[in-house]
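In the part that follows, the structures are each spelled out as structure tokens.
Next, two complexes with chain A in common: one pairs it with chain B, the other with chain C.
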Partner chain A sequence: MSERVLDIRNLKVVFPNELGIIRAVEGIDLEIEKGKCVALVGESGCGKSVTSLASMKLLGNSGAIVRADKMELCGTDIRELSDKDMQDFRGKRISMIFQDALSALNPVMTIGKQLDEIFIRHFNVSKKEAKEHSIEALKLVGVPDPAVRYKAYPHELSGGMRQRVLIAMAFACNPDLIIADEPTTALDVTIQAQVLDLLSDLQKSHHKALLLITHDFSVVVHMADEICVMYSGKIVEKAPAKELFREPLHPYTKGLIGSVAKMEDKKGKFIQIPDSLPNPMNKPSGCYFHPRCACATEKCKTYMPPLRTLENGRQVRCWIQEEAHEP
Partner chain B sequence: MSHKNKILVESSGLCVNFPVKKDALFSKPKYLQAATDVSIQIHRGETFGLVGESGCGKSTFANATLGLLKPSAGKVLFDGQDINELPTQQFREMRKRMQKIFQDPGSSLNPRFTVFELIAEPLVIRGGYTLSQQKEMVVRMLESVGLSEADLYRYPSDFSGGQQQRIAIARALILRPEYLVCDEPVSALDVSVHAQILNLLMDMQKKMGITYLFISHNLAVVKKICDRMAIMYLGKVVEYGDSEKIFANPLHPYTKALISAVLSIDVNSDQKRITLKGDVSSPINPPVGCRFCKRCPAARADCETEECKLTEVEPDHFVACRFCC
Partner chain C sequence: MGKIYIVKRILYTVFVFAVVVTLCFFIPRIGVDDPCSRYYPAQGNMSDAQYEVIKELTREQYGLDGTTWSQFCRYISNLCKGDLGTSYQSGSPKVIDLIFARLPWTLVLSVSSMLISLFFGMLIGAFCAWKRGGWQDRALMNASTITTALPAFFLALLLAFFLGFQWEIFPAYTDQNMVSSFRWNAKSVLNVAYNAALPVISSVIGGIISYAQSTRNSVIAVSNENFIITAKAKGVSNTAVIYKHTLRNAMLPIATSLGMSISGLIGGSVVIEQIFNWNGVGTLFLEANNTNDYPLMMGIMIFLSAFALVANLVTDLCYSLLDPRVTLGEKR
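Right, the complex of A and B next:
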């Protein structure tokens, strides 16, 4: 039987401020099984990072109001956990890889010391043992000369190496769930390929659950088992990765996939989605995507479509699909 | 069009070195060789792609063609004239024919200027326009990049990344330049916005007949929009010529690796990626022979000692590798 690592039902996150309420996440269901990789894809500002922070309970000081019907991590309800218990959870059961390695690492500490901290905090080991673990962890992610690099400061390493160190930190305590928030956006193409291969290999060999957050479809296609496309705080389409690329159903997904430059393409213009995301304080009526949608109807302008599960198990939030599948 | 007239920007044997801090007071001065022996011709009206990893000298080369950096050796010709030999006054005149847009519009636009001030600034510096003329030109330019007159007195922070890049494009094009350097214009933006900005750049090129030097590390984008291209590695050009020919028949091992590193979104393709080992070597003491020899999957013993020259393998397709031509 498959084990469910993360199970979130109807997650809502709002940020109240002087001018109004920003509804960042509006009712999201997310579940990840052991050994699976789920990708959350969408433009900046669609709420994907807020979702990941909320599932690590890292929104405490931001003034956000987080509500969910269910938030379970390996069977533990994390809504009830105290801050102290949550600290034990983070790192050990759930960990995160951030986008910009240079700002995620402490610039005045050697990477070795930063890795040691994790082992000392979670396993109560001596400094000497921690060092052994750290060098082992660096070796695992393919850092050359781990014993030498152990003493290096973050600025002495290249971008790809720093990202490897972050991955080493995330895998250090053998957590059940790893959240990677745009792990390769700041990297060059050749290094991006290296880091993605590494992440994918580690996830598969350690049989971990991975939540991958990105705006770039080309990153997820070969890694993810399931893809959730987010738009303006709601999931608009959810499908197994291969099927999503073979036949995208939501017009937004079609536009996103079309706008990625492909090697097979002929010279010429790109397919584009016009305009940009709606203002989160002032979202349009009806389907949030209708002002940018080429096939929007009157119904789309007034009513928000539900996230409907089709016969083949795929989920899509669109009136056009709704009508096409009506009996 | 005569041959001479066809070429807008030409560099021959261009080298740019930066001095680095010495180890000791009397030790030999060391140089970081950002660009070495770069000879490239950019034709009028084309989009020229310049590809490579960070630190390979793409931006250094582009800045040298704009006269922002003085070359240590070699020449840069713009429309047949050596830009480093020109008297200051004449060079200032030439400058208005070249412009640049940067990678991150958030930091290249002054946050305390309104959109009008930002876009009109080149007109003010150039002089000779009344305020009403400036306003008319700015509004017309704003409309052609997809913004409106209502945005005239807003600040850059009011706009999204894609809109900020549109403002940067409007500012670069207001003096109607002939040559525009686009230094990774979309890499700081969302993938969905890439298409919008690249389509806009192509539209503007068609409308105004501008020559682009397009710097990027995404080969899929370069393939789609560039007519000719050069691939750089550690300050040197490794492959150069007509982009269709290069993509149809990539010869240099580095080009092959770059092309295979482009992530495909075709689920049926089971392409094998050539993952390069290691990182780019330091440009302070680059390898004597082929600069790619340390990471090259096909390197042989003599690659480390003997330099490779760019050789023409077919018309308008040059490669710097001794084993593939």
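Right, the complex of A and C next:
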């Protein structure tokens, strides 16, 4: 039995401003089933975070215009939900782990009080009961001396501890979907591994859906079931994690995987993708990736390739693959 | 660590105070060879011996006998007993009594101005932050440009001219019987409020605008912080986000400027008091200045600086209660 926790069709997010329109997300589809981990991978600024904020409807007063053909969270259409109704969802059915735990926690409130807020809001419990729940939640994420840490302020904890607190917050109400937005970017590599293990364990043991957002392929290797590669607001490749690593189809995915250091690599060189993301106000014609693509053809410069589903169920947006599979 | 810091901070305050006292004592004496010959210029029909006797008597009476150093030591030892000396005014009143007689009247003006500015400033500032970019917000910005460029005394003169003299809504000159006839009853209190209206209005306009501006800016800055999104992502209602997360953090810079205005509570309204002839410490200081009443001038300056120093000390120590990141002197 597979149950879709998040089902988004054709999500578009634009930010109009005085200079023009920033097209942050251009029609992406995203579905996550219960117990699965989907990774959304791409460079900074490709629209990953905007996608995640849009699926929690947290883009409210940023001036963004959000359109989608379908946005279902646990079977409920959230497109027309009022902000008040959405508040019941946030934290309880869908929750989020942010990247910079120091700025994501209120500096003048103890972490205990910040955790209590969730239980008081969603479970209608007394302050005393909320405290018990909070200490339990801290224990779950492996914070030592949870009763002492309960009274700590965010600046008194180490980076890894702060990230654990954020994870405790995300799992507090046992939500159906957890979005982790670059959960380890601000951490040391050793702490990164601990936090990722924790996240992965909790996700598997609680059988939760996890949307993992990252720019770092090494993070998703062991965690994700499915990977969506995003480039400049569009999904360019979508495949089961193992297959994607074995045989990346899109030149951009190849570049991303090539830029990760490997043990068996003897060449002593990283593969680099030249240049950087196109300006979101002034995207190139044709395939957005063609100015950086080594195998770009004339067709790539004029026409945007469609996201095509191959026989084995993988999806890729590239003319070269299109031609290779043409009958 | 915290206790050591507090002791250090208090010692530092005492040191600054000692410097202030020394400067207040010596600066008026610079360039004055013999204050007595200034007060009593030699008269034509007086022999030198007689004149010397008169000068000696004057010195003794005003505490100017002995070397400057011994005068200083005497002044300091009196100061330690809480005695700021004797004024040159007729009847030789104690300086400290003169200050304490005027102090409540200054505080009536400055404390009420501060509270009104703070209350309305924060209200307007929070509202403008909410209506960011709207006409209310732009109006606040323009108003702040105007009030920054327009000194409070000019505003006071305009108000005195229009509201006081032209339309006679409020008295432009404080009723001189207000202080002597004051009794704790409704009529007296109303009379004080009526007389204080113009001075308070003229200092409050700038105050409201500046508090509003800083509230607006810090509310906007805080509402762009990541932890506001975290709070929203937890499902916390908008009202709770504003009261528990935004305002609490936005209060911090406002507390700083409040602390600074507390230290200016007594000395800050000299000009306004003078314009409206309000019998406060500021007017007393100007009187002392005009009559060369050195003990009174020194006394007021020392009192003002002591008040400002204590206010600063208290605000600094209280700040760590508001913001847990501010630890008292701990190195991290």
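Everything below uses one rule, namely that the second predicted complex is superposed on the first by the 326 of 327 C-alpha atoms of A that agree within 3 Å, B and C clash if a C-alpha of one lies under 4 Å from a C-alpha of the other, contacts with A are read in each partner's own complex, and residues count from 1 in each chain.
Assume a residue touches a chain if its C-beta (ideal position, glycine included) is under 8 Å from a C-beta of that chain, and two chains touch if they have at least 3 such contacts.
Keep in mind that what you see is a predicted model, and the values were worked out from it rather than measured.
In the superposition on chain A, A:Ala193 makes contact with chain B only, not with chain C. In the overlay built on the shared chain, the residue A:Ala241 is in contact with chain B alone; chain C does not reach it. When the shared chain is aligned, chain C comes close enough to touch A:Met96, but chain B does not. Once the two complexes are overlaid on the shared chain, A:Ile118 sits against chain C while remaining clear of chain B. Considering which of chain B and chain C touches more of chain A, the answer is B.
Of the two partner chains placed by superposition, only chain C is touched by A:Met109; chain B is not. When the two complexes are overlaid on their common chain A, residue A:Glu72 makes contact with neither chain B nor chain C. Counting contacts as defined above, no chain A residue meets chain B in one complex and chain C in the other.
Of all the residues in chain B, the ones that touch chain A in their complex are 53-54, 160-163, 190-196, 198-199, 202, 217-221, 223-225, 244, 247, 257-259, 261-267, 273, 275-276, 278-280.
Remark: chain A residues 43-44, 144, 158-161, 188-194, 196-197, 215-219, 221-222, 241-242, 245-246, 255-274, 276-277 touch chain B in the complex. Note for the complex: chain C touches chain A at residues 225-227, 229-238, 240, 244-245, 248-249, 252, 322-325. Interface residues of chain A, counted against chain C in their complex, comprise 53, 56, 58, 83-84, 87-92, 95-96, 98, 100, 103-109, 114, 117-118, 121-122, 153, 155, 166, 169.
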